[in-house]
Amino acid sequence: MHNFDFKKPSSVTELTAMMTSYGRDARLLAGGTDLIVGMRSGNLRPAVVIDAKKIPTMVEIQLEKDGLTLGAATSCRRIWENRQVADIYPALIDSASLIGGTSIQGRASIGGNLCNASPSADSVPTLIVMRAVATIVSSRGTRTLPVQDFCLGPRKNVLADDELLLQLHFPPPPKHSGGAFNRFIPRNEMDIAVVNAAAEVELDSSHTRFVDVRIAIGAIAPTPLFVSEAGNAIKNKPVNRKTIDHAGDVAMACAKPISDLRGTADQRRDLTRIMTIRALEMAVRRAGGTVTDD
Amino acid sequence: MNRIWIPAHLQHFTNGSERVEISGSNIRQVIRALDNKYPGLGEQLREGDMLTPGMTVAINGSVDHLGLYATLDEDSEIHFIPAIEGG
Amino acid sequence: MKHAEGQVDFKVIGTTPERPDGIEKVTGRARFADDIHLPRMLFGKILRSPHAHAIIKDIDTSKARALPGVHGVLTGGDFPQLESTVIPHGGASTIDIRDLAENCIARDKTLYDGHAVAAAVADNYHIAEQALELIEVDYEILEPVLEIEDALKDDAPVLHETFSPGRFILQTEKSHSNAGSFKLKLGDADRAFQNADHVLEENFQTRCLHQGYIEPHSVTVEWSHNDIMSVWTSTQGHFAIREQLAFILGHPLNKVKVTPMEIGGGFGGKDQVYIEPIAAMFAKKTGRPVKIAMSRADMLRGTGPSPGANIRVKLAAKKDGTLLGADLTLAYEAGAYPGGPVTSAALQATARYNIPDQQILGHDVLLNKPKMKQYRAPGGLPVNFAMESMLDILARKLELDPLELRLTNAMVTGDRMITGIPCQKIGGKELLKAVQTHPHFTSPLTGRNPGRGLAYAMWFGAGMTSSAVLTANPDGSVKLSVGTPDLSGTRMTLAMQAAETLGIPVSSISVSIPDTDSIAFSFMAVGSRTTHSTGLAVYDAAQQLLRQMTERAALYWDVDETDVTFSDGVFNHQKDSTLTLTFTEMAHLLEKLGGPITVQSSVTPKSNGAQLTAHLVDIDVDTETGKIEIQRYTAFQDVGKAIHPDYVSGQMQGGVAQGVGWALSEAYQYDEAGHLLNTTLLDYRMPTSLDLPDIETVILETPNPNHPFGVRGVGESSIMPPAGALANALYDAVGIRMTALPMTPGAVLEKLKKKQRGS
Amino acid sequence: MTDYTTRITTVINGQEETFFCEPRESLLEILRDRLQLTGTKEGCNDGNCGACTVILDGVSVNSCCVLGVEAENASIETIEGLADGDSLHPLQQAFIRETALQCGYCTPGLIMAAKDLLAHEPLPSNERIRLWLANNLCRCTGYTRIIKAVAQAAKELHQKP
């Protein structure tokens, strides 16, 4: 591996100042599970590596009335170990407990997963359907952005050279709602998703009709895709097999997958439908609904 | 007596016989005796101080890598296992 | 002397003592190859070709040499230019020493993606890696050959203008510009096909894959002033490494000392040099110890793998299912150099069934992939998958129970195999009946799309030379040294055989595996041979030890030697019952009677007896994704005699796990230019703990008449049946017949969709 | 050339350790090459095999994916610190007793991962053990005996006063 300077700022101000002075020569270290591997393979060669984990804001989990705020460097494991978060945001736990295996989750962060901007990132579809908002800071100031607009392409995100992702904020889930994430991998663990899907549903008070549906799919486009068409297509429709299948069909029609070593475009199209349906089924169950056959 | 299995492509030397009986206490002796009985066969099985390239010998069911120098207990079953002709 | 036939009262054999290496391994103290740290040690790294087939026009290493911290750079030209010379490789096979040397570091041409072209040695690995980035190689890229069918074409690009055809057990002859071939024949296959009620024919395909040991290759070499080369490495055969190093570097055998470290898995992949000659050359040139360790990508690109194969099977059968004839063509990848395991595949392809008329044509096919290596039952799985699928196809066509069909055709002792050689003593029908009467066989299937599959396999492991040294110490302890590295617990299984013979507890024996200077020549730990063949050497040494101790007892008692006998651990006088000495008591007297006794034995058995295995698997299929979920798995194996039943069962479970990986998820993926795409354990998918169920094992014991305790080889055969069993279960579940491996979810889904469209 | 060397103080298996390293050196390299704690193994160097698993501040991690410089003031547990003198940890005993190892190369990583599991979930189901250990590849055993060993050690630890 090439050599580099290692910095450990203890405040956001110190961190943003470093980002301003080093810009694209610097890389932020959160869990390191992508960065260190990338540097070792020679794909990433930052002159400066900045460890963000000593800054309290970067690793805090704050659950308040207005929702959940996660420091961008918070490890997946700290998220899934948090019972309160698990109760309120089960889809987030689905993602946090599926990225890599246990010893990856001890380090890997949701923020890092998002910044890495991989089309198959296991947290991003979940963040999108949960309406997560990214807080982006630099010494120039702070801005916020819905996560669905964060990724621009494979390994490309909206951050300017002096900017960094500070926090992710999740609004409280609406009543009668439920979220779920699932993925398809060839093995049962330790794989990159061939296709992954997250769904959040809001049902009416009788739990028999969809009020709002958000669906996002990974690994079928250059970025994790928010397929509003699929969600919109079943708004106000009854909660049954036919409706959910229809959402699956619409999602499949939106998929623009490629073939690579992890799967063919055809397989990904089929899986888009199946993973959408399965995410919706689980989300409905978590919202207190039942998928009836008629 | 040793029982020798003749490879299919060499059975014209033995008038079509798949098996012949020959005495000898090592493979070298067996090949010499075979050649006496079926002139020309020996040449197919050995080349100088080694088995013909491409030929393997099995004695009582096991391939023996001593080849020409493998010893026998006078009541052995011997198989010559050939590779195919080149080309 | 004890014989397995009728023997029931073993004292040590059949028990399950705790392994001698256990504490070292669970505390992290066990020394593996990479755990060596020598003073002033330097670290080497290898530059690998990014092209599958290219001429090396020029290499400029000047910038790399100039980097501070770099102590040397090597290219192929720095090694002795060798003539093509075929040398015996342990005895079971031969190897062209020039091929072997050029596989370690290319001279004029790179033959696969990952072929070593240069190396750098530096103060640490990071600097060595930076040096590699500064080496400039000018390549002329040639068209690669990546598929068997392309390599066999007349106009295919040629890898080698001339080559020494491979020999792995059987010899091949050059038949194509990129292949050597051989033919096996029993009776007249044409006759069988003419007389048959049913003729079936199908093609099968499997892909190249890696042995997947978790421990990377690592070697440390020190070169002394008097030209002694000391080598610490991870290997299945330190004598093989010694020979190969000596030949490649033109160094006398008695000046190469190889110490085998604890080995973190081998499975057939660790008996050949890769980085050893390079580390040795650096050690010689720098005068300092040099360590080279491979990265996982180095290993996937540059070591192993095991070949993919194209297989055609044609079977002739009677209405009642009796097999009359078989005609197989096996084309296996050899990779960049000849000598892949297609011959061992052919010898075992039809063995286990009695087929009077059969022929097999085999091709050892050169193409631009790494030199193929053995992998647990070398070549066995692909052809077993093909044959066991065919038996299932036949059973379904004739509406026969697949197990009954196998019973009808099962080979029994004395039936002739394809070589014409009669089968040694086996218990095949007994094994199949054990499957039939096991609760698993009749248990109800559960799940959405469940299915059950069966496959049956037979394998002959290797015999070859093994050596053992036994010392009886005056304190009653016994030292055992053997020349075969311990891959899985053989120190214990060998100590148990010594203890059984000597009538002492196994805890009295300590076992080590000395370096090549300190024990007589031993062939590698391969071919399921260690417990069997090294066991024979241990048994023979123990008998010698007892003879000498009997002499000493006679001396001590002042009686005639012929009156002293040894049984159940006690020396007795046949006529005077007051004269008895236990082994330990006798050992205590040794100092007075001439000192400790050391005996040595080297034996060379011809084979280690047939291993028979049958596997039964239940699956559930997710028809929406194509994913196969294994629900229950039972492995049955006839092991002759289980010395340590837990280790035997562990071997069976390990074989199943590897076979399942081969069947469902593991394969090298190449792009069109011949670049290996899956060079990490993320994308090279070996089974995780979530991909396998608890694997049940059933051990049967039909003693091997050629071993005093009845031992047969154990380790290899269990890798073979999983693919066939899973493919048959898949057909049972959803009615699709997979003829290619791996049966990934994508491939299964595609076939399911085809079936739906068809109906 | 720039000298990147940094001085790091950390606690390893209860003992304070100070070492010098470059930022590019992983915790795995530090343990093995600088501190000669070679019980922790390298299998893939990219977080996909688990052979290098150690417990960092109470959480099992792949030490190949941690920089040595990140270990400043951290508490690290490795396989070398598990036994209490000659008295093996119940997990170590169970791995030997149940033949949960063959070559033994993946064993230290598996045991450390399992220790982390049992510290947080004293009596996990077999399914839970399988999920937790899915990060740790073993090529020899087929896992059956490993799962059994961990389950048995859990029981034993749970029954201890």
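Points worth noting:
Each chain gets a letter, A, B, C and D, in the order it is written, and its residues are counted from 1.
Keep this in mind: a contact is a pair of C-beta atoms (placed from the backbone, for glycine too) under 8 Å apart; a residue touches a chain by one contact, two chains touch by 3 or more.
This one's a predicted model, so the numbers in the text were calculated from it and none came from an experiment.
When you average the Cα atoms of each chain and compare centres, the chain farthest from chain D turns out to be B. Once the centre of each chain is set as its mean CA position, chain B and chain D turn out to be 59 Å apart. Averaged C-alpha coordinates give centres for chain B and chain C that are 30 Å from one another. Centres computed as Cα averages put chain A at a distance of 44 Å from chain C. Taking each chain's centre as the average of its CA atoms, chain A and chain B sit 71 Å apart. Listed for chain C are residues 126, 681-682, 688-690, each touching two or more other chains.
Among the residues of chain B, none is in touch with two or more other chains. Each of residues 1-3, 101, 188-190 in chain A touches at least two other chains.
Applying the touch definition to every pair of chains gives A-C, A-D, B-C, C-D. Those residues of chain B that touch chain C in the shared complex are 5, 7-8, 18, 53-56, 58-65, 77, 79, 81-87.
For chain C in complex with chain B, the residues that touch the partner chain are 88, 91-92, 165, 169-175, 180-185, 361, 419-424, 463, 606-607.
Residue ranges on chain A touching chain C, taken from their complex, read 1-3, 42, 101, 184, 186-192, 194, 261-264, 266-267, 270-271, 274. Per the touch definition, chain A reaches chain D in the complex via residues 1-6, 8, 29, 31-33, 36-37, 39-41, 49, 51, 53, 75, 77, 81, 100-104, 106-107, 188-190. Contact residues of chain D toward chain A in the complex are 2, 4, 6, 22-24, 26, 45-48, 50, 53, 56, 59-62, 64-67, 69-70, 72, 113, 116-117, 120, 131-136.
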